[in-house]
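Both of the next two complexes hold chain A, though its partner changes from chain B to chain C.
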Partner chain A sequence: MQTIATDLDIKDMARGAVFLGTGGGGDPYVGELYLRRQLVEGRSAQIIKADELPDDAFVISIAGVGAPTVIVEHLVSTRTLLRLLEMSEKYYGRKVDALISAEIGGANSMFPLALGARAGVPVIDGDGMGRAFPHLEMTTFSVYGCAASPCVLLDDSGNATYVHATTDRIAENMVRSVCASLGSMIYGAFYPMSGRQAKDLAVRDTISQTLEIGRRIRHARESQSDPVEDLLVLLNDPAAGRHARQLFMGRIVDVRHETRDGWHWGEVLINSGRGDEPEFSVEIQNEYLVARHRGRTVTVVPDLISVLDAESAEPLTAEMLSYGQRVRVIGYSAAPIMRRPEALRVFGPRMFGIEEDFRGIEELSTDSRL
Partner chain B sequence: MRETARLGIDVGGTNTDAVVMAGEKVLASEKRSTTADVSSGVISVVDAVLKKAGVGPQDLAQVMIGTTQFINAFVQRRQLTPVAAVRVSLPKTDGIPPFIGWPADLIDAVGEQSYLVGGGSFYDGKEYAPLDIQGLADAAHDLRARNIKSIAVIANFAPVRPDIERRAAEVLLQTLPDADITLSSEVGGLGLIDRENAALINASLRQLSRSVVKALTDAFEKLGIHAPIYLSQNDGTLISTDYATRFPILTCSAGPTNSIRGAAFLTGMQDAIVIDVGGTTSDFGFLVRGFPRETATPHLIGGVRTNFRMPDVLSIALGGGTLVRFDGSSPRLGPDSVGYQLSQRALVFGGRDLTLTDIAVRAGHARIGNPAAVQSVDQTAVTAVLDRIHLQMEDTIDQMKTNSKPVPVILVGGGHILISRPLRGVSEIQRPQHAEVANAVGAAISLVSGRVDKIFDFAALGRDGALAKARKEAVAAAVAAGAAPDTVEIVDIVELPMTHMRTGSVHVKVRAVGQLATAGAA
Partner chain C sequence: MQTIATDLDIKDMARGAVFLGTGGGGDPYVGELYLRRQLVEGRSAQIIKADELPDDAFVISIAGVGAPTVIVEHLVSTRTLLRLLEMSEKYYGRKVDALISAEIGGANSMFPLALGARAGVPVIDGDGMGRAFPHLEMTTFSVYGCAASPCVLLDDSGNATYVHATTDRIAENMVRSVCASLGSMIYGAFYPMSGRQAKDLAVRDTISQTLEIGRRIRHARESQSDPVEDLLVLLNDPAAGRHARQLFMGRIVDVRHETRDGWHWGEVLINSGRGDEPEFSVEIQNEYLVARHRGRTVTVVPDLISVLDAESAEPLTAEMLSYGQRVRVIGYSAAPIMRRPEALRVFGPRMFGIEEDFRGIEELSTDSRL
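For the complex of A and B:
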């Protein structure tokens, strides 16, 4: 068991969550403040390993669903989250033994921890993707047989509904409709699962990972060593099937953003020298999806792409990128559970309109320092 | 005929600068030390500059002042008033009450009293809960018992429904008739925490703003100046003294803004990068259509996050006093500087430290102090340092740019001698006259503005209809701030479509700017 007990831990976690958010997932600022509030009130978040749970334990995911602009206004209500927990226990007919994040990258890494601290429920060290994705069906839970629904949806005024969908793709559509009809901000309990399922289906240890990533960057800054080099040492673990590379370092020479059907589309072009000829590109669809060097793919979804400020190594979300910034791009292989054929059928390159088969970063980008 | 003469003043932390302008012309400028009481420094510099210009107090049509007094007080936690937050948001937001994340020394100075009551609206303006009148009345009684009078009222989605905050304030005033209330919708856009912080900062500064503004108006009274007085705000436009008294936070970063605007005026340029090269740092600002570009990311004021509009200024540790050292033949510049001690510590002034000013003198780009004192500095070393300076300047310019097109650069501040070569990515370099008082010039040429920052329903109104509505509201806000209606122009429109929302919801930001209406019309 591990505890999140200091402001420094929270800040490290938030930094790590933006790194794993691969450009999307939302700014964790609201979640960060909410978690900090729990510490101020003398609580702490308890994090357990999935293996510490009995197989027949009952686990759910808690997440905020809404537009980023609305979340920063409506914030979060403790009453709502406690009520959601209570309603879930009534609806599923089980006491909740542990919470798990569906999406570690971005804002929804923080809400389960804050609610867990408030309600005294432990949070499992893991999540359903080890990164950020925009849809309910894009989780290892969903891919390997633990559906997002039946789920419980609730707004701050007490309006509630249960969604029972035949597929998680349909659940996603239904949840979006409910969200839009309730002022574009709701909270939900998703993916009811057993302790056994949590052990088998989760991408493991991702909360610890956010902490370690955030901490490693901070320590490197304090000791004047190269944060990216330190980070690569931390992330590279070939025995566990994890590979990390610095894909590129340079200056942003163009950023294009547009919104298509409620999605954030875009592309960022980077150049290593002093000219404006783009050498490196990252395509964005809410998250960074594919990185190409002179047109050749070097990392592609579900492997992770993170863009960091070249100086401070602060991870940057897609909204934060602008012309002239000096950045370093890191590629990081997704956990092996994210790369199996059944997983790639849900969140492989073709699901995002990228017409190529998935190939891992270790194959695409052999040179670790381009 | 001197009724077009204007007085521009910049009350900084160290110096108080003044200029007298007539039309487009700078008649005279002066610089004095800022005094603790503000007014005696102002009186001394104004007296001097009017004499120099040959202008009488009665000849002035307007007085424009930029000041860092309020931001300095907030950063140093001086003269702040205890405040309370009244947030109209339940059943929402109870998880993150006001003052979360504020530095402890600031809480010590202003307290952390807060109340959450029912009310607020969705992004589309529909109320999700009725305003809790009883809750507000209870809060007011508690505030009276605690003798707290500086209050910030913050409602959910107040930029879309400012009337909810106004109604809440009315209820509070029934019990607290002398309360000093800041509405969040008056000081910030979307983003409740950042807007709430801005409102609380403003509330904590109001008492100070009254005394500073009074010190200024008293000073002008003594000088026999009866022209209307305005203060510059962060975006380079003016507000009345009355408005500044109510919204001191609006003046918090007028300093850099005025310097950028002043540089624009002195060169006649509308789009350029302005570099203010001082003793310790070089501050880079971006001039876009005559105004400073503002930051897009949240801004910290004295350790508190706000969504406040601030000029996007990038500072690097490179100035006339920057110390030069060598690792073998490779020079290292700063980041430390001799700062205000330049005139004692630099080699050319008989000191013992090699500074960038010494390098500029050795290279023959400036004639300051005793050039003989730097004759022993090796030429190749000088070249290496100059290479480094220009490279750093070029890199920073590049970071400020939004595309690769070459831009003009305007140099202000005493350290401009450090730049002696053409810069890559720069189309031309301007060094205007009066650059040392660019701040005060910026104050003297200010305009007035109005803004809108809201979510509009394009599906219901149509894009054209919604934008027309937004433009109209921005123009009305500019006129309310003192602009002559026939001079108001829209200078900026930003549309941000939103995800997870009903199709057609668009976050729109519009800014309108106009010339100050003449005293007679105002």
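For the complex of A and C:
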């Protein structure tokens, strides 16, 4: 068991969550504020390893659903979170032994910790993707047999919905529609699972990872060493099948954004020199999905692409990118459980309209600093 | 207790339901077919008066939700209806003693009878409006304190949703969104109520009324008497606060239809002579909402407006109106429970953007045949 008990921890975690959000996932800021208030009030978030749980423990995911812009404007309500937990325990007919994040990247890294701290329920160190994705079916939970529904949805006015869908793709549509009909943001309890399932299906240790990533960037700044260098040392772990590279460093020469079919589409073009044709591009569909160097793919979904401010190494969401900014682009292989054929059928390149087969970053690219 | 046991009864009821649908409410045809199949299989629909129920009986409304065009293309599934009943009993924690229609006008007149016949549950002779309306909050149940939610929704693929909204206006939005997300039609159980509430809140005897209206029109055709004459004799009951008039007879000289904001908007213009300016108009918002003679309102919502084929007296839905058709327009006062101030605040003229106060047909018009 590990305790998150300082403001610095929470800020580090939020920074790491934006890194793993790969441009999307929403801003963790409101969850971060809420969690910091819990500390002031004498509470703390307890983080446990999945292996500490008995196989027959009962675990649920807590997540916010809504447009990122709405989430940012929306304060977290203690009453809503506690009521959601109470309703979930009643609906599932089980006391909840632990919470787990479905999506560690972005805002949904914070909500299980926020509720966990408030209600005294531990949070499992792991999640369902090790990054951010826009749909309920795009989790290791869903891919490997733990469905998102039956799920419980609640908004701050007390409007409650229980969805029991035949597939997670349909659950996604239903949940998204309920959210839109309430004109705002809702919280939900999803993926009811056993302790055994949490052990087998989660991408492991991703809360610790947000904390480590955030810390590493902060320490490098404080010691004026190269934060990307330090980050790559942290992330590279070939024995565990994890590979990280700096893909490119340069200046943003064009950013295009468009909201279409409820997605944030866009492309960012980056150039290392002056006045030349752009050398490097990153395509955005909510998240950064494919990075190309002179047209050649160097990292593609579900592997992670993160864009950092070149000086501070602050991870940047897609909305934060602007013309003229100097950035460094990092590629990071997804966890092995995210790269299996059954997983790639749900969130591989073709599921996002990218007409190429998945190939891992270790095969596609070398470190641009070498 | 009354038994609906012949094809003729069902056809008469469907005809009467279109009359009370005041142009909207959807075509009862699929429900009619289903109900007729039940008779062939040896079942029948049992209709009871609300007063036959104990006060502590448990009653729910069964309704189809979806675009009328989808409903017509959609066969009624026994499995879905029976499962909806089973899920409702489990969710509400009560055995269902009787069903009631929320909306007697149009397609939703048939679904409670269809399930009632199949499952052997009696159906109360009454409904929540005595006509058709497009929203869940537009029922006497809702106006007088029996909320539409918690409600149970189910589609034919087995996708289930339980909605518990803070108001029926919000429930309407949520239910409509769930329906849209499933791309089709759903069935729902709404307005869980006691026997006492059914007695106090329902518009009474409206199933009998559909049967009587349909019969009266058929008999008049068979005996070659004037069906409208006979219909007005049936409907006029000043002692019970009910008034019916022929508002106009003429030829349709223009029909405009438009689908906007999910509503069917339109206007039909009718003329008694040739080549003159139109004398009579009916405005459509899903239902026929206001009838005007030379610009002066002669019947307005919630009072009922029905358009009949001039020869056969067949009631016509808004979609069926066409240029050149000879029609007779009937106005019919809503039940007194529908005309109280608290009811008019929910479905009076201004709720449909008609900028006038409600006045009853008995005050606004005389019979055009006099």
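In this section, the second predicted complex is superposed on the first by the 362 of 370 C-alpha atoms of A that agree within 3 Å, B and C clash if a C-alpha of one lies under 4 Å from a C-alpha of the other, contacts with A are read in each partner's own complex, and residues count from 1 in each chain.
Please note the rule applied: a contact is a pair of C-beta atoms (placed from the backbone, for glycine too) under 8 Å apart; a residue touches a chain by one contact, two chains touch by 3 or more.
Quantities reported herein were computed from a predicted structural model and do not represent experimental measurements.
Visitor: Have a look at where A:T161 lands relative to chain B and chain C in the superposition and call it first, second, both or neither.
Guide: The second partner, chain C, only.
Visitor: Quick check on the superposed pair: does A:R251 touch chain B, chain C, both, or neither? Answer first, second, both or neither.
Guide: first
Visitor: Now for A:N173: first (chain B), second (chain C), both, or neither, which partner does it touch?
Guide: second
Visitor: Have a look at where A:S223 lands relative to chain B and chain C in the superposition and call it first, second, both or neither.
Guide: neither
Visitor: So, does A:V65 touch the first partner chain B, the second partner chain C, both, or neither?
Guide: First partner only.
Visitor: More residues of chain A are touched by which chain, chain B or chain C?
Guide: B
Visitor: For chain A, which residues lie in the overlap of the chain B contacts and the chain C contacts?
Guide: 157-158, 176, 180
Visitor: Flag every residue of chain A that touches chain B in the complex, lowest number first.
Guide: 29-30, 33-34, 36-37, 40, 65-70, 72-81, 114, 156-158, 176, 179-180, 183-184, 251, 253-254, 259, 262-264, 274, 276, 320, 322-326
Visitor: What residues of chain C sit close enough to touch chain A in their complex?
Guide: On the chain C side, the touching residues are 157-166, 170, 173-174, 176-178, 180-182.
Visitor: Along chain B, where are the residues that touch chain A in the complex?
Guide: Within the complex, chain B contacts chain A at residues 89, 91-97, 100-101, 122-124, 126, 128-129, 156-157, 190-194, 296-297, 398-404, 424, 455, 496-503, 507.
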